[in-house]
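One chain, chain A, links the two complexes that follow: it is found with chain B in the first and with chain C in the second.
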Partner chain A sequence: MPEEINKSVEARSSAASEPALVHDDTTAKWFLISSIAYFFIVGIIAVTIAAKFVWPSLLGTVQYLTYGRLRPLHVNGMLFGWLLAADMGLSFFMVPRLCAVKLWSEKLGIATAILWNAIILGAVVSLLMGWNQGLEYAELPLPLDIAVVVAWIMFGVNIFMTVASRKYDQMYVSIWYIMGTILWTAFVYLTGNFAVLFATGTNQANLNWMYVHNAVGLIFTPVGLAIAYYFIPKSSNTPLYSHKLSMIGFWSLAFVYVWTGAHHMLHGPISQWLQTISIAFSVMLLIPVWAVVYNFFATMKGQWHQLKDNVPLKFLMSGVVFYLLTCFQGPMHSLRTVNAIVSKTDWIPGHAHMAVLGAFSFFAIAGCYHMIPRVFKTTIFSEALANWSFWFLMFGGLGFFVTLWLGGFWQGWQWNNPSIPFIDTVIALKPVWIVRFFSGILMFLGIVSFGYNIMATILGAKDRPAAA
Partner chain B sequence: MQDYVYPSIYFSYFLFALLAGGALYFFLKSLKHGYLSGNTEEPKYRMLHDEEQPEVRK
Partner chain C sequence: MLRKADSSFGFAIGAALVFFFIGGTLTTIVPPLVDKTWSKPFENNDPSKGPTGKLKPYTELELKGRNVYVREGCWYCHTQQTRTLLADTKRSGWKGVDSPISTPDEFVYDTPHMFGTKRTGPDLSRVGGKYDSQWHRTHFRNPRDLVPGSIMPPFPWIAENPEELRAITAYLQTLGRSKNWRPDNDYEK
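Our next item is the complex of A and B:
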C-alpha cells in the first residue's frame, strides 16, 4: 500500500522536524505498578475462592475468609484494584502522546493515584470486615463510594484538560473512547451506587443490573477498546485499517449499550416491554462489536506472522477473539429461550471472566508489556517469561471459560427439571469446579510470571538500558 | 417511610438526558472537525509516530 507508506512517512517527517516532547509518565507508573500488585494479591483470593467450590469447608471457620467476604473482595479487587487502575495508568500514558502535549498536571495525577490506592486498601479492610452494601458490584460502603467519585473527577479533569490543550483538532479514536469512559462511568457509577440506595424492590434491582452490565459495557469496554486501538497498530507497526469505521463503532456503542442491563432480569418481575427492549438492544450490540473486530482483523492482514514472537500482539489479538466470542454470547443469551437455560448458572461467570479477563485484562497486560520498558527506558526482563505468562493465562482462561459454559448449560438443564432435587445439581457440578480450580492455578501462574517480569524489568532498568 | 423510588429514577433519567445531550454536542463537533471528510484517516498515521511528536510551544 504505497499511499499509506507515503502518509506514514509524511507524518514522521513533520514530527521529526522539531525537538521531541519528553513525557514525565510518573502518574502512569504509579497506577501501573500498584495495579499489578493488586492483580497478584487478588489472584490469591481468586484461587482461594475456586478451592472453596471443591472443598466447601476450607477456611470456613475464619469469618474474614468465608466465601461471602472473599467473593466481593475478589470482584472489586480485580475490577477496581487491577483492571480499572491499569486502564487509568495506560490512559495517562496514551492521552498526552496522542495529543502531542504533556499531561495537564502530574501532581494531580499522583494525588489521584494516592487516593485510588487509599480506596482500594479501604475496600480490602471494609469488605473483609463484612461492611458491605449488599449490591452486586456496588458492595463498597458509602464513604468509599464518595471517594471513588472524587478520584474519578480528578482523573477526568486531568484527562479532559490534556485533551483540551491538544495540538490537533482531529483526535485518534482511543481519545474518544477514553473521554466516553470518563463521562459514562460518571453516569453508571452514580446510578449504581447512589440512586440505587433510594429505590426499592424490582426498581432497585433494575437500576442495579443497569449498573452491573454497564460497569462492563460502558466502563471496561470503552477503555479496553481505547487500549486495543492504540496498542494493536503500535505493536504491529501497522496503521489501523479504517479510522472512519472506528468512529462508527464508537458512536454505535454509545447509543446501544446503555439499554441492555434489563436483560439480567428476563423472566423476572419487570415489564415485558422493558425485557423486549433490552433484548433488542443486546442483539444490536453486534453492530459496534463487529465494526471493532473487523477493523482489528483487517489491520492485521498480512501481519499475522508477527504473532510468532510478539508477546503484546499475542495478548491483543487473543483478547480481540475473546471479545468477539463474549460479545456473541451476550446477545445470544439475552434471547428468552437461551436465557431460560443459562441465567444464574455457571455460564454467567464463564461469560463475565471471558470479557473481563480474556478480553480487557489481556489488552491491559499487552499495554503494560509495551509501555513499561518504554517509560523506564529499558528492555523487558525476559521475553521467554512473557511468553510463558501468555500461555499460562491462555490455557488457564480457556479451561475456565469452556468448563463453566458447559457446566452452566448442564446446570441449567438440571434446574429446569423439577424432578431433580437442588442438592443433586450441586453435587453433579463438582467435576466442573475441580477443572475450574486447576484452570485458576494456571491463570494465577500467568499473573505471577507477568507480575514478576514487569517488576524485574523495572528494578533492573539501569542494568539493561534501551538502545538509543 | 418516604418512598424515593420515583425521585431516584428521575435522577437516572436526568443523568441519561445529560449524557444524550453531551453525545449530541460531541457528535456535531466531530462533524465540524472533519471526521467524515476526506481527511478522516489522518489520525491513524499520526499516532504511529506519537513518540516523536514535536514539543508544543505555548
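Our next item is the complex of A and C:
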C-alpha cells in the first residue's frame, strides 16, 4: 500500500478534510426519523413478548396478539423497520460525504423512504393477521417481498450512481462495505424470499438458512461495519489504523460468510458433509472478525480517554466488543459438541440479540447521535440523557445476554439428560425469563431516552443553532 | 490484485460478486444435486434397513391443519427434528421405545418446512399418534389444564372451531408417522 494513498483515505475519514459542499440530506433524515419511531413501537412489542414468557396467558384471548404473531412482528420490525432503515439512512449520509458529491437523486431517495414505510406498515397488518409465509425472516407475503426488492433497487441505484460520480478516485472502506451490502443483499434476499418457494423440505430449509444467516452476515454485518469504519475515526477524530487490514477483513468476509448457512441444522436432517463444510467456514469467520476488530482497537490506541464523555464513541466501541464476542460465540457453537448443548435453547436469542442489538444497533445509534445534530444544524438536546440511554441499553443488554447464555446452557444440559421430563426444563427456566423481562424493560428505557433525545433535538433545532 | 478494487468501481463489484457466488453456488444449488434423499420421499419395506413405512402426500384436511400451524406461528416454539443426539431419540420416543432420527426424505412434501430453530416447547417431529383428539382439544383450550407449568398460550379460537380443530389435529397426527417406529403399533387416531 503506497503511503500517500493510505494517507488520503485516512484524511477523508477524519473530520478536518470535509470539503465545503452543502448536502441536502432529506432522504437520510426521513429514513432515520421513521426508523427511530419503529425502534420505539417495536420495543413495546419486544417487552410484551418477553412478558408472555412470564405470564403465558397475557393477552391470550386476543387472536391477533398471541406470541406466534407478535414474535415475527418483533423480529421483522426490528430488523427491517428499525435497523435496516437506520442503516440505509446512515448510508445516504455517509456515501455523498465520502465521495465529495451530492446524493445522485434526493427525489428517488425520498420515494424510497416512502415505499419503505409503506412496506413496514403492510408488514404490521399482515403479520398480525397471520398472513405468514412460514419461513423465518421471510415471513412477509409475496407482494411485500416484491416491494422490498423494488425499494432495494431504488436504494442501490441511488448509492451506485453517487459512487460512480465520486470526486476521489479511491474508495474508502465504508464504500466497499455499502456496495457489498447492496449487491449481496439482492441475491440473499432473492434466495430467501423467492427461490425458497420452488423448493420443499430439507432443500427449502437449506435455502432458508442461507438467507437467515446471511441476512445477518451479508446485510447487517457489512453495513454495520461501514458505519463503524466511518464513525469511529470521525467521532474520535483519529485516522483509521490500517487500510490493508480493512481490505483483509472485507474480502475474507465476502468469501467466507456465504458457506455457513447449514450450521443452523447441525445434527439435523441434512447431509453430514454439508454440516462439516458449514462448521469449517464458521470457524474461518474468525479471520474477518479479528481483522476488523483489531483495526478498530488499534485506531483507538492512545484515544481511549475519549470514551469518558463521548457518547457516540461509547456506543461504537462497546458495539465492537459485542461484535467480537458474538462472532466468537458463533464459530464456537458451530462445533458439533457445543452445538449439542446450546442449539435450540435460550442461548440462541441471547446470541442473536448481542449481534443485532449489542453490535449493529449500537453502531446505528451512534450514527444517529452523530448525524442528527449535524443535518439539523444544531446540538444534541441533552448529553446527559444520551449517556443515560447508553447505560440503560448497556445494562439491559448485558442482563439479557448473560442470563440467556447461562439459562440456555443450563437448559441444554437438562435436555441432554432424558430422565428429566421436558416440562421440568421449562419450569426451571422461569427465573431466567423473569430476569430477561426486567432487562427488557431497561433496554426499552434506553430506547425511549434515545428516541426522546433525538426528537427533542430535532424539534428544538432552531433554539440551539450549531456553533459555526 | 485486490488493491485494484480500491479505486475501480467495476472491479470492486465484480470481485464482490465472484467471491459470493463461489460459496453461494456450492452450498445451495449443488447439495440437492448430490444428495438425492433431499427430494426422494421415504419408503422402506425391509425391516433390516431400519423402520419400515412410506411417506404419503398430505390430504386436503391435513394441509388445512398445516396452514393453521403456520398461521399461528407454532413453529417459533416447536421444532420438528429428532436430531442425531441420543437425548433427542429418547425425548421423541414413547413408552420406552426410542424414536428413529429424522431424515431429509421424511420432509419432501413440507412447504414451508417446519424444522424450527427454537425449542421453547417440546419437539413435535414424532408427536403423531401420541395423544388423542380429546387431549388436543383440551390442550388447545388451555394447555395448563393438562400440563401444569406449561407456558404455551391458550388457543380457544381453535378449540371452539370444530373445523380448524379437526384439521390441525389431523395434521399433528401425521408428524413422524411415515416411519413405523412403535412395535406395538399403538398410535392414537
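Definition applied: the second predicted complex is superposed on the first by the 449 of 468 C-alpha atoms of A that agree within 3 Å, B and C clash if a C-alpha of one lies under 4 Å from a C-alpha of the other, contacts with A are read in each partner's own complex, and residues count from 1 in each chain.
As a working rule, a contact is a pair of C-beta atoms (placed from the backbone, for glycine too) under 8 Å apart; a residue touches a chain by one contact, two chains touch by 3 or more.
It should be emphasised that the depicted structure is a prediction, and the values quoted were computed from it without experimental measurement.
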Could you look at A:D169 and tell me whether it touches chain B, chain C, both or neither (first, second, both, neither)? both
With both complexes superposed on chain A, which partner does A:P239 reach: first (chain B), second (chain C), both or neither? first
Which one hits more chain A residues, chain B or chain C? C
In the superposed arrangement, does A:T200 touch chain B (first), chain C (second), both or neither? both
May I ask you to decide whether A:K52 touches chain B, chain C, both, or neither, giving the answer as first, second, both or neither? second
Which of the two partners, first being chain B and second being chain C, lies in contact with A:W184: first, second, both, or neither? both
Partner chain in contact with A:G268 - chain B first, chain C second, else both or neither: second
Which superposed partner A:W251 touches (first chain B, second chain C, both, neither): both
Show me the chain A residues, by the header's touch rule, that chain B contacts in one structure and chain C contacts in the other. 169-171, 179, 183-184, 187, 191, 195-197, 199-201, 203, 207, 210, 247, 251, 254-255, 258
If we count contacts the way the header does, which residues on chain A are in touch with chain B in the complex? 4, 7-8, 10-12, 15-21, 97-98, 100-101, 165, 167-174, 179, 183-184, 186-187, 190-191, 195-201, 203, 207, 210, 230, 233-234, 237, 239-240, 242-244, 247, 251, 254-255, 258, 374
Residue numbers on chain C that touch chain A, as the complex places them: 2-3, 5-7, 9, 12-13, 15-17, 19-24, 26-28, 31-32, 34-35, 37-39, 70-77, 79, 81, 83-88, 90-91, 101-104, 106-122, 144, 147-157
Spell out the part of chain B that touches chain A in their complex, as residue ranges. 3-5, 7-9, 11-12, 15-16, 18-19, 22-23, 26-27, 30, 33-36, 39-56, 58
Of all residues in chain A, those that touch chain C in their complex: 1, 5, 52-53, 56-57, 60-61, 63, 66-69, 71-72, 130-136, 163-164, 169-171, 176, 179-180, 183-184, 187, 191, 195-197, 199-208, 210, 218, 247, 251, 254-259, 261-262, 264-265, 267-271, 274, 277-278, 281, 340, 343-345, 348-349, 415-418, 422-424, 426-427
